[in-house]
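What follows is a set of structures to go through.
Paired with subunit B in one complex and with subunit C in the other, subunit A is shared by the two complexes that follow.
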Partner chain A sequence: MSKHTLATLVAGLAILILLPFTQSNYGVFVLCSWLVYSISAMGLNLTLGYAGQVSLAQASFMGIGAYMTALMTMAGVPWPVAMIAAMVLCFVIGFLLGYPALRVQHHFLAFITLAFNALVVLVLRNEEWLTGGTYGIVGIPRPEVLGLPTQTPLAFYFFVLALFVLMAAALYAIIRSPWGRTFKALRENPIRANSLGVDIRKTTLLAFAIGSSYGGLAGSLLAQLTQFIDPHSFGLTVSLKVLLMVIVGGAGFFFGPILGALLIVLAPEFLRFTEGYYLMIYATLVIVLMVFCPTGLLGLVERARTALKLKQNPNATTWEAGR
Partner chain B sequence: MTKTAIASIAIAMAISAGLPNISWADTIKIANVIELSGAGATVGSNWRDALKLAFEEINAAGGILGEKVEVTDYDTQTDPTTSRAMVQKAIDDGAYVIMGPIYSGSVKVNMMVAQQNGVPQLTGAEAPFITDMGNPYIFRTSFGAQQSMPKLVKYLTEEMKVKSVAVAWVNDDFGKGGRDSFVAELEKSGIAVNADVSSEVGQADFAADVIKLKSSNADAIFAYLHEEESARLLKEIRKQGVAQPVFGETTLMNQKVVDLAGDAVNGVRGHVGLSANAPIPGIEEFAKKFEAKYNYKPDHNAIKAYMGAYVVKYVTTKNGKVDRQAFADALHGMTITPADEPGILMETSWDDKGEVNRESFLVEVKDGKQTVVTTLPKL
Partner chain C sequence: MDTFFQLFVSGLATGSIYALAAIGFTLLWQASQTINFAQGEFIMLPAFLVLAGTQFLGLSFPVAMAIALVLSLLLLGLGFKRIIIDPLLPHGVLPIVIATIALGILMKESVKQFYTAEAQPFPALFSDRTLNVLGAAISVQDIAVLLIALGAVALLQLFLNRTKIGRCMQATAQNPNVAEILGVPVRRMILYTFLINGTLAFLASILISPIYLAKFSNGETLGLIAFIAAIVGGFNQIRGALAGGLLIGVIDNLSAAYVSASYRSAVPLILLIIIILVRPQGLLGKAEGRTV
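The block that comes next holds the complex of A and B.
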């Protein structure tokens, strides 16, 4: 990592630390949702952007994580145990869900994950004895970190921010590791990757499992943020929203899902002044973006840079300029 | 990782720092946190229009304690999590009283936030648990299902001599709450439940549901769904030529259902907490004003909102100050009569849990119009 990159990262972190002080409680709430959805989208980015598996089940992992954390913390289990247990459970379920992914690809895989999401919502709704059914669970406690309560919006924001930074760093390490390169090889050309000795089975399963555990953590945090969960909060629409975050931001770019989540969480806020029209304007903006830039916002930036380099050095191939 | 990526995030965040947080001086701020989009848009727009009408009247008459009232709409999108954020936003904006929402699932989530901040909330929700949670800042504008269902079951047993019922309900907080209260009342009266059919919010096809209801051979069908689904269910019931009488509670005879289902609603009977067709002078006058202004007939949600606005006016004027705590304290155990405040339309009381009590009506829909059969006394 260059000195320059490091400096920008530190500046970015400083902004994240100072930003909530300029906001009302509502503003802090919105920032928290952004960070939480970013974590979920980062996980999906690993599955989709790096390993190339289309999953429509990210919300179901958020649901599993949320209910697990809620039920355990409300039963008196300390929050770190509950949240780690939620992540482990999602890892295991993600691993198992990865098996069909070995047999089917692309839209068939999307259907399987879609069915899984519907299944999870039905279980959450019908197993009333455990999940509270349609009524959901109210009054989920917020954790106490190092003896400090996180009841206030600001304290909870810093709790979420710390986990966000931790998870982002972990993901960065994964992507830079040989594992990350294996994921990318798998996305680009599975047969060639196999010929180079990549274990496709293991890699696919692992991408699914890690991505799912990110979803589980996001769910845990969401449960504590809103202090309420119901099956509806983890339906297909939410899965599609997370997918949209990854695609709008730029699948396969490290900062793609974070930028995507920012736009998708905040855009309705900016457009709220248009009153009844905001959903229409918002939908139109997404369509326009997808038509003109299927690789997402960061893809657009990348494209501009490549074009600039090609102009400076007309003899270079597109591939070289893209490096 | 690119510098551009970080720069774009930084810029976006810098913009977000400017999220609007404007405040006005010398006005009383009322937050209307309501369903303006999503599945609840029908009920939410009725509520909003009536609330606007009421506060325009109040402002035209000099406001409350000489101050103008300013109403801000916050759209919950019929989503509990969004509604929680909207209540937070309303409190940040300095709301004196929060009006709404109507969907019970949303109220359950956001009433905690209002409670933590000590902001009174007048809700249109009907699920029983809302007043059972011991929140001293929540007040109903409509009956909870636990109050209306006994009235209906009494009518079914005593007037209709019904021995068995088939129940159709929508599987969300509203429908489940109503269904549970209703079935519990049936059990007390020894009436059998021959079929128990749940459906989804937004469900379009009720063919299979109606077959189940029809083949249950129950003496009557009880339907407890939201407006749009009620209309679809009733149409299907008529299509399949179901012979059993159909009963409901408030929403089933709602004006919106009449508008959507047309002739299919005729003959439906049930209990309503409020009706624009009630033989009460105040309500008749309100319905006229509302229809003249908005060109459609108000439903019970509109009446609830209109009365709610005048509750805010009456209690605040009586307290002589704009004080949230004083408002919540005063409204518990209070009875307001139309003689005290004409805008209240009907004599209404609140108990120590914020539960509302007033006369209600048994109605039958005839020629697309709610006709009041009996006026039931206060509990």
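The block that comes next holds the complex of A and C.
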């Protein structure tokens, strides 16, 4: 990591720490949801951006994580246990779901996850004895961290921020590890990666399972943030929303999903004045973005940077300039 | 037994409409590797075009239908290809998936905002009389829908297999590069595919709207079911999409009555998962030779 990047990171973190003090309770809530969705999108980015698999089930993992945490903490289980259990459960389900799907062929994962998401919502809606059906679960407690309660929006924000930084660091370590680099090799050229001894299926499967457990943690936090969950919050539309975060920000870029989540969470706030036209404007923006910049916003930045370097040093090849 | 037969026939009728949508999916996939997530909204829209023609412009029903058909071809065929698919095709499947999802939202919200959020009755094309067949009450509408949809599929098959243009389209679907070398105007063939998809969407729309009512959110269910039907039958086969559509229609209708109303929509989903695991090429599909 260069000095430059490190300085940017420290500045970014400082902003994240100071920003909520300037916000109303509602502003802090929006920031919290951004961080929570970022965690979910980071996980999907591992599956999609690095391992190259389209999953349409990230919201269902958030749902599983949310209901698991809600049910366990309300039954008196301490929050760290509940949240870790939620992550482990999502990891296992991701593994079980991906194993047969990837055995078949890669884009079938998209179809299987699509069906899986719809099934999870059906179960959440119909098994009223456990999940409260369409009424959902109300009054999910917020955790007490190191003896301090997180009832206030600000305290809960810092709890979420801490977990966000932790998960981002973990993801960075995973991607930078030799094992994580095989993802990139896989995405760039699966056949060559295979010939170099990469077990394609195992690597992809693990990426999917880890990505799912990130979804589980995000769901867990979402349950505590809103203190209310219902099946509607984890439907296919939400999966698509998370997918959109990854694509809009830039799949395969580390900060892509974080930027994407910021835009997708904030867009409704900015477009609120348009009332009924909000979704139409939003959908049009997405189409325009896809047509003009299918690699996402960070892809656009990358392209501009490459072009600039080429201008400064016309003799460099595109490949060198892209470094 | 009578109820079973009744459910079976009405399942076939709705299934044949799903099949029209699923065939459109299959054609687009074959011609240009396009997965259209707005397919459901493509079926939702033409009915509203007809309604807008009769209610706002005071046109007679047949004229409104004709104009809606032309608009469907222009918007859902030509416009969709030119504005969304052409610029995105070089970038692979994923941006197309995202863009068509967004397109679906745009179409749905536009209808809701500019027309109405209420379900609109759509004029029935056929009488709602029922016939007594083997002790079961079968509606004329169901039979007519089934016949029209199957007739359209048969026509399409004849067109693809017996005419020069149809064969050129098939050549394009199988291998665009070789087709190009052999002198097939590949780009025009792909355009024809999009126009056919627009026509099928129009047909499905006017057949299903009298049964379901015209509603802006109809696309959600229709799209998912058409999608499942295409995969279950075989993504690369028109026969497969037809079989898939009929099968899903029948299973959906029967499971509502015999399994459980609340888990009704789970049955096609579970079928989808089983098919993908056991026979990923679909019931009638051919395995694709490509590995990457």
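Heads up, the rule we're going with is that the second predicted complex is superposed on the first by the 318 of 323 C-alpha atoms of A that agree within 3 Å, B and C clash if a C-alpha of one lies under 4 Å from a C-alpha of the other, contacts with A are read in each partner's own complex, and residues count from 1 in each chain.
Here is the rule we go by: a contact is a pair of C-beta atoms (placed from the backbone, for glycine too) under 8 Å apart; a residue touches a chain by one contact, two chains touch by 3 or more.
Computed from a predicted structure; not experimentally measured.
S.K.: Please work out whether A:230 is in contact with subunit B alone, subunit C alone, both, or neither, and reply first, second, both or neither.
M.R.: In the superposed model, A:230 contacts subunit B only, not subunit C.
S.K.: Quick one: classify A:279 as touching subunit B (first), subunit C (second), both or neither.
M.R.: Both: A:279 reaches subunit B and subunit C.
S.K.: With the two complexes superposed on chain A, say which partner A:243 touches: subunit B (first), subunit C (second), both, or neither.
M.R.: A:243: touches subunit C, not subunit B.
S.K.: Return first, second, both or neither, reflecting whether A:19 touches subunit B, subunit C, both chains, or no partner chain.
M.R.: Only subunit B is touched by A:19; subunit C is not.
S.K.: According to the stated criteria, A:8 is in contact with first (subunit B), second (subunit C), both, or neither; which is it?
M.R.: first
S.K.: Is A:115 contacted by the first partner subunit B, the second partner subunit C, both or neither?
M.R.: second
S.K.: A:191 contacts which: subunit B (first), subunit C (second), both, neither?
M.R.: In the superposition, A:191 touches subunit C alone.
S.K.: What is the shared patch of subunit A, the residues that subunit B and subunit C both contact?
M.R.: 125, 276, 279
S.K.: Touching subunit B in the complex: which residues of subunit A?
M.R.: 1, 4-5, 8-9, 11-12, 15-16, 19, 22-27, 29-31, 33, 125, 133-136, 138-139, 172, 226-228, 230, 232-233, 253-255, 258-259, 262-263, 266, 269, 272-273, 275-276, 279, 297-298, 301-302, 305
S.K.: Given the complex with subunit A, which residues does subunit C contribute to the contact?
M.R.: Counting only subunit C, the residues touching subunit A are 83-84, 87-88, 91-99, 101-103, 105-106, 109-110, 112-113, 224, 227-228, 231, 262-263, 265-266, 269-270, 272-273, 276-277, 280, 292.
S.K.: Which residues, counting only subunit B, touch subunit A once they are in their complex?
M.R.: Contacts found on subunit B: 1-10, 12-14, 16-17, 19-21, 36-37, 73, 75, 79-81, 84-85, 88-89, 91-92, 105, 108-109, 112, 129, 171-173, 176.
S.K.: Which of the residues in subunit A come into contact with subunit C in the complex?
M.R.: Residue positions touching the partner: 54, 100-101, 103-105, 107-108, 110-112, 114-116, 118-119, 122, 125-126, 190-191, 240, 243-244, 247, 251, 276-277, 279-280, 282-284, 286-287, 290-291, 294-295.
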